[in-house]
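I'd like to ask some things about the structure below.
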Amino acid sequence: MATLADGLHLSVLAAAAEPAAIAPAIGLYHYLFVSAALFALGVIGFLTRRNLIIMFLCTEMMFQAAGIALIAFSRFHLNHTGEVFVIFVLTIAAAEAALALALVVLLFRRKETLDASEWAALRG
Amino acid sequence: MTGLMGGWATLAAAGGGAAAHAAPGIPAPGAGSPIALLLLGLPLLAAALCGVFAATGNRSKLPAFTSVAALGACFGIALMLFLNWNGQPATARAFDWISLDWGAGKGQSFDAHFGVYIDGLTLLWMLFVTGLATVIALYSMEYMSHDVGLGYCRYFAAFNLFVFSMTALVMGDNLLMLFLGWEGVGLCSYLLIGYYYKRAAAVAAAKKAFIMNRIGDLGLLMGILSTFVVFGTIEYAPLFQMIASGKTASGAELASHWSVWGIPLMFAVGAFGKSAQFIFYTWLPDAMEGPTPVSALIHAATMVTAGVFLIGRLYPLFTADPALIALSVVAWAGVITALWAATIEMAIFDIKRVMGYSTISQLGFMFAGMGLLTPTGAAFHTFTHAFFKATLFLGVGAVMHGFGGQLDLRRLSGVMWMRGFGLVGIAMLVGSINLSGVPFTAGFFSKDVILAQAFTTPGTMIWGAQAAAWLLLLTAGMTAYYTFRTFLRVYVGPREFVPGDDAELLDLGRHPKGVSLDEWHAQHGHGHGHGHGHDDHGHGSDHRAAVRPDFDPTTEEFDPHPPGWSMKAAIGLCMVLSILAAGVYFMKPAVGNHGGWVAGMVGQSSAAFASPGEHHGGAAEHAAKLGTFLGYDPHKVMYYVSAGVGLIGILIAAFLHGPRGVWSLFIGNRTSAAVAPRADALANLFGPLTRAARNKYYVDEIYDALVRTPLRVLAHIFHILDQGLVDGLVNLCGALPRMLARSLRPSQSGVLQGYAVGMAAGLGLILIVVWVLMLR
Amino acid sequence: MSTPLLMTMLGAADQPLPMVEKLRYLVPEMILFIATVVVMIVGLSPNRAVRRSCAAVSIAGLAAAGAAAAFGPAFEGGVLPGLMPFAKVLIAAVGVLLVMVVTGTVDRDFEGEVSRGAAFDALRGNRAEFYAFALFSLTGLMLVASADDLIWLFLALELTSLPTYVMVSISTARSRSQEAGVKYFFLGAFGAAMFLYGFAMLYGATGTTALYGPGSIAEVLAARAASGEGLGMLATLGLVLSIVGVSFKIAAVPMHFYTPDVYEGAASSVSAFLAFVPKAAGFLTIILLLAAVGWHFGPAGTALPEPIRVTLWVMAALTMTVGNVLAVMQKSVKRMLAYSSIAHSGYMLVGVIVGPGSQAGATGSLQSNGLAAVLFYLLCYGFMNLGAFAVLAVLEKRSGGEREEIETVEDLKGLCRTQPLMGWTMVLCALSLLGLPPLLGFWGKFFLFTSAIGAGEIALVVVMGLNSAIAAYYYLRLVGAPLLESSDAGASFTEAPAPARKWAAVLSAASVLVLVLPAGWLIQRANNATGVRPPTTPMKASGGTADSASTSAPAVRAAR
Amino acid sequence: MLSFLLIIPLLSALAIGLAPERASKGLAMLGSLLALAAGAAVVASFDWGRGSAFQFAAALPVVPELGVTLSLGVDTVALWLVVLTVILQPLCVLGSFSAITERTRTYYASLMALQAAMLGVFLARDLIFFYVCFEFTLVPMYVLISLYGSTNRRKAATKFFLYTFTGSIIALAGLIYVAWVAATRVPDAAGWTFDIATLRSAAQAHLSPTEQGWVMLAMMAGFAVKVPLFPVHTWLPLAHTEAPTAGSVILAGVLLKLGTYAIYRFVLPFVPVAVVEYAHVVAALSIVGILYGGLICWVQRDVKKLVAYSSVAHLGFCMLGMFALNAAGVQGSILYMINHGLSTGALFFLIGFMYERYHTRSLEEVGGLGSKMPIWSTFMVFFMLASVGLPGLNGFVSEFLCVMGAFQSGAYTLGPGGTAGPLGPWYAFIAGFGMIVAAMYLLYMTGRIVFGPLREPPGHDDHGHGHAGSHEGGGLPADLTAREVVVLAPIAALCLFLGVYPKPLIATLEGPVNDKVQMVLSLGNAAGAAPAGAAGGER
């Protein structure tokens, strides 16, 4: 349990390679790592891709990264709050997706492109 | 030192003499007659009336009549005060002016009242100030008649205001009142010098006079403030008592206190400024731009003697210093001024400026007198000088008036012999012999007192007293020379002249009385009227060609314009007074037994001081070794010596400038006009020196280069700095947001990803900051 | 609403209040929700008069919600027990004006066609959903104020934001609105992901999502602070992520980029809405989160944990500066106001940093309660900013038959003479935004000043003062153009056919003047609203240890 | 009673705003005369026996929870400044009749609103009320300058606004700090209060010397800009040059005095320790201002700018006296506020009247007006002399007292006439050169504009003078009209009266000033900042 407890601190993540800290099972920090990676990927994708739909999917990735973290913590804390949270997050994500698709359609109708950089009339 | 302290005669206690050092000083003043306050009120009233006349558009000589009446009444009051005076100082108060209180203790209140302090010095000054003012107002009545109307009112308003200020200066019962008068006379001098305000030279001269005076005034102001701080009062009566007690208000021994030399030096600076002493004197010659009666009254007789008065007024303080530092400075300033001015006079040709420099020189004598421990001599010389210099100025004014403003002594000759100018000539002669110190004239006696004392006063008391005395003697001779140089060239000799620039105006423009020149111009079609003609008549030399192209001022067509009755009366009065002034020397002094009436008056005033060598019977002062004139008692021989020096000066003048030997002096000879006086050859001999003297030794230029130009440059630099640096910094601060905005604006590119990058980068930076903080 | 359900799912055992009990506090939200539903139905009516009653119904609903909040109970279970009534009344009051401003934003052409005889087609009309979205957003805002749990907070925030994305996009038919919409939505989602991740971290660090109560975030963190080990890395990270993410809502640096574009692209009426509603939501969220952490750290024990404080400090200073500085350059009034709204967020962050200015438990003293100052400033800002936007929403200019919105400052020239009412409204609101005494804006700044001085944040006060001066420069243009300059010949304004907007403008201007009088009363209420509750478990004297996160002992709550 | 002084101008501003354009002149005149009457009534019923007490106290709690109260009261210092304001106001209105012909409604409404705000500053006994009025003066003045000024007006108005606004925000921070201290550190303080007297005692008792230094810096940042003290003066020449005549008059006459008054009211008593410690710094800046401003005047070509810079120099004397911290200095300083208001105000009027006729203020284009405008020239010379500090006119009394104060201050070692204080004779001596410089630039100005040959700008119709309906100068005759004389004559009379008989002022100011000085010095020195034995000048 001690290693899991240590996992609360990010600094421990870095020290995960220490032999003593190697746990036989997949621990909290693994999940957290995946979550962080997913989040980072989402961010990077959002910043680099120009297609509005892909950008939206990247934000969804970031949402789901948070979801993974929540589930992992929920498991770690042995309560269900995190899991409940995730369900709500999924709902919201769905709502956002609906909104996003509507918007995308609207935009595509007007300019026939989904390149985000086409929309830069407002500036300064 | 004890001798000096004891030297203050305590004249109220009768029998001047043995009073000596234990004397309690000047007694507490009695209550003066409130009538004395009228001396302040009447001129002010007259000035106000003149203002009213101006406002109502009066075009008569009413302002002049009003002024003469008011000033005459003032003289009457002064006379009455004098006659009713019991020899004790007295004060009378009108109302509080500036008075503050900040505690109950000593020196914790400041009082300056509108009040008068009457003692001998005051009365002496008031008598000649009001007397001369009346006479000169009378003279001005005619002299200024060309400008009847607004200008006339302006002139007399300023004139009356001047008398008021002079009265305040002389009679005020505290130093601030004196300062009021001091600045007031400066103002009136400014207004009157700049009377012909359309002429740039007059305006510049006026400005210069005021500013130079202000420099001195700073010294005076500092003196006043120091006096207050040290003595806790600026009212004369308690001040003198405290000085006499030999202690400052905080109980320190006065003789060893810094203030005993420091404060007098500050006052001396003030006095130098007002009285045009060395390094400050340059404004006075320029002040001759004013109307001549003004020069006579203000710049010869009265205002410029204010410095003498100030030193006399504060003589107790000046003499409290055992080392007499301030008086030495005063003495030497006077000597240098006298000599310096005399050399200039010998070279220049403008007769009015000669008079101006001569005034400076004579003021130098007065200061030397004060400095060399004869306040009596200084006061006496002031008194006599007032009359004879006024006479001389009025005479010069008559010539200017008559000859179209001609002032060059090379272009005037034999004036005395011309119709209507006889009296002027005689007056000039009287004035000149007075100035030259011809025996038995008033000027002779008064100068003699100073010279005698100068030789008597030991060098142990006044630094270099003997050298000063010799220099003064030399100056006396030079005075005689330059006086007669002018007289001989202008008033006697062949009748010849070149009219001045204003000739045409006077000749043709006998404009009806009561019409101002402006209107006269308007009638003659010169509506734009920006003349810058010469001097008094300040208009329209330019018009000559336009009006009469063939006009030649040198032809006989020009008719010298003799003075009228009021000018003549004034000149005559002045002349008589300057002769009579000699008489007071023989009057029995009210105090002491030596020096005549003036000595008595001075003796009954703050300037009372037993000069070294004066025998009052006390023995203490003889401890100091007195100076001698080549081993003789100066008091005894000086009559002869100074008379001799004066005569030598006159003879040289006659030799150099007299057209045909001594006898031709008094015979108008029309044939010799073209003969260059021998002096010219001599002048050429001195070459550069003469040229330098003619240019006033370039002092104005030096001041310009040393003070005015650097200041002006500095001012420009400041101005540029102010706009560039000080305001520039402000503007920079104002522009900073804009500059910042320019650099930030690209971040608002309008591109979605750009914004996202910004947000992510911001988050990243914040996380790094937090990380660092957490690790710390 | 899903609130009761939420409470059950969160494990009611931990909750001190029974589910039904808690519903009492949500009466305003429920009223609003009902109004929303009514509006959605009414707006689809083929009867024009009925359709037009949307605004009236919304206003009535808001008024009722406000009244309910005013007389509602204080929320004993919240970390800021007094917050709810004050915030909700404020939201309702400003909300009424906002609804007035947004009247007539959509469906103008459509209604015109209908009145010219075209058949009513419910599918083409946007009125119903537009008002409904506005009310949903306001409901969400009220729910933020009621939140006592991270999940709730998240949902409420999303409820506030999502409708606004749509509102922006449909506010005008121009592509600019759509551009604004897309930027707003995508960046909003980006921001939302950030604070969601932050919330997840917070949950991970504390094992709970409850903000207050036994075993809540507040307690865990307090205990951790009391034990001298600081917040811990994970909690700090979570907090920072949450704050930065939420600062998208308040348009604070570095999440401010979208603001000018979106405000400019959206219709003026919707910009007015955006300038208040998400901003209020953001500040309420930040206040709630930080109240859970508490201002009992720092050397004097009266500050936020150092990393958080520094983060906020930097954000505040940058936000005001960037906002003001960029506003200086603007020609477009809307962009200028957008940047100025960024700057105002910066000012308000100062109050957040200061905190309640007193030890938890005590009612904040009026002298140093930064949170009260923030709430009060939110109120001031709500009115004065709304007034300025309302003027823009009222006025239209015609160019070539097209009606256009007021664009540049130049367009405002001579307004005081051509449209005195609107002109003076603009002048008053601009002067108030500038902070000129005695107008309302001055008092808002005043309390921020006092609280910051009280907290010793002198440097921030100076930054704030200098920023006010910079702001004066561009606000003066908003004063000068209508008041001092004369209008260009040929330029003529027409009023938008929505008289309510005009009323909203006038009411805002009036409140800028009139609300000065009860300013004291209001700040007193705000003060009462911001008394931070102490944690229920007793706390050891804290202080001096919070920022030393490097202390090794990992703080782990004993696993249950 | 005092509230009338606020209500009358405010109401007339409102009335002007609502009434038709042509009524505005009359209404403004009526309003300002009524305010004058109200001022006269206050003076008449003032209890001079208790000059240092605040009288006619009236308090209307506006925001009771914060202790913000509309609290009024005057002591003699405030009273005389109020009198100055109410006297200048009708003259400004009267002096604007021919100058302002367009948008008169806004003009007169701003003028009256400005008066209300200025009076509010002098009457306030509540910090917030004070500050509100202090800041509110900016708006009408901004309107006046930017609507009715000359070519560069917009820039000048903006600069004026921003500069002073920036300063006063910082001052506000300082003042609030004091209020915060009063609300938190004073035992049993009942929450916020902004009562000035309470704040003062709190500040004195509870601010550490270091804090006092900072608070002083903050307050000076605001008030010194307003004064304006070197080097934060650069807004003034610009604002003055561009402002309309009445605007300049009010600006020089009253608005600058808000700064000095605030320093008297707040800086001196609130932070005595810092004041004593840093007085020499302020005094040095004042002296720099005197000489620097004066010299800059000397090279100006724009006569209005010249007078504007002269204000920098003059107010330097005022500040010098103030920070001499003794009876003479502070009294002189207060008198200076009044006297400068009169004489410089009048100079601005004169320049305005000239400008109406010639549409130029350049000394190179206009000059020698003595022959063409004798009445104008007489007034010009008169007020120039008042400004130059000629004894017998008002300027001298105050200038002398300021210099005397500086001289005495700290000169207690020299004699009993010296007092405790931070300055000394050297300050007075150097400042004294300012008097010479003043003569230099003012005579330079008069020398060019009044004296010398007549110079008129090209295109000015020379034949027009004397005829009615001369096209330039708005149909004004060559010399001053009766209306214009009526504007100037009262000021001239006051200048003369206050020069000859300043006693009514001095006697009534004595009480409050002495109290204040004593308080500042005893508290300031108690902290050990000054040598022992200096307290109160007791010897």
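The letters A, B, C and D name the chains in turn, as written, and every chain counts its residues from 1.
Keep in mind that, in the parts below, a contact is a pair of C-beta atoms (placed from the backbone, for glycine too) under 8 Å apart; a residue touches a chain by one contact, two chains touch by 3 or more.
If you're wondering where the values come from, they're calculated on a predicted model, not measured in any experiment.
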Core chain by centroid distance, with centroids computed from Cα atoms only: D
Please tell me whether B-D or A-B has the greater number of C-beta pairs in contact. B-D
Farthest chain from chain C, going by mean C-alpha coordinates, please. B
In angstrom, rounded to a whole number, how far apart do the mean CA points of chain A and chain D lie? 65
Averaging over Cα atoms per chain, report the distance between chain B and chain D in Å. 37
Centre-to-centre distance between chain B and chain A (centres being mean Cα positions), rounded to whole Å: 97
How many angstrom between the C-alpha centroids of chain C and chain B? 79
Do you know which chain B residues sit against two or more other chains? 734, 745, 748, 750, 752, 756
Give the residues of chain D touching no fewer than two other chains, as numbers and ranges. 162
Two or more partner chains touched - positions in chain C: 182-183, 186, 190, 194, 233, 237, 260-261, 329, 473
When you check every pair of chains, which ones turn out to touch? A-B, A-C, B-C, B-D, C-D
Give every residue of chain A touching chain B within the complex, in rising order. 43, 46-48, 50, 55, 116-117, 119-124
Could you please specify the touching residues of chain C with respect to chain A in the complex? 9-11, 150-151, 154-155, 158, 162, 165-166, 169, 175-176, 178-183, 185-186, 189-190, 192-194, 196-197, 199-201, 203-205, 207-209, 232-234, 237, 260-262, 264-265, 329-330, 335, 554-556, 559-560
Quick one: in the complex, what on chain A touches chain C? 1, 5-6, 8-12, 32, 35, 39, 42, 46, 52, 55-56, 59, 62-63, 65-67, 69-70, 72-74, 76-82, 84-85, 88-89, 92, 95-96, 99-100, 103, 106-107, 110-111, 116, 119-124
Complex contacts: residues of chain C adjacent to chain D: 365-368, 431, 435-438, 442, 446, 449-450, 453-454, 458, 461-462, 465-466, 468-469, 472-473, 476, 479-480, 483-484, 516-521, 523-524
Listed in rising order, the residues of chain B that touch chain C in the complex are 734, 737-738, 740-742, 744-745, 747-748, 750, 752, 754-756, 758-759, 761-763, 765-767, 769-770, 773-776
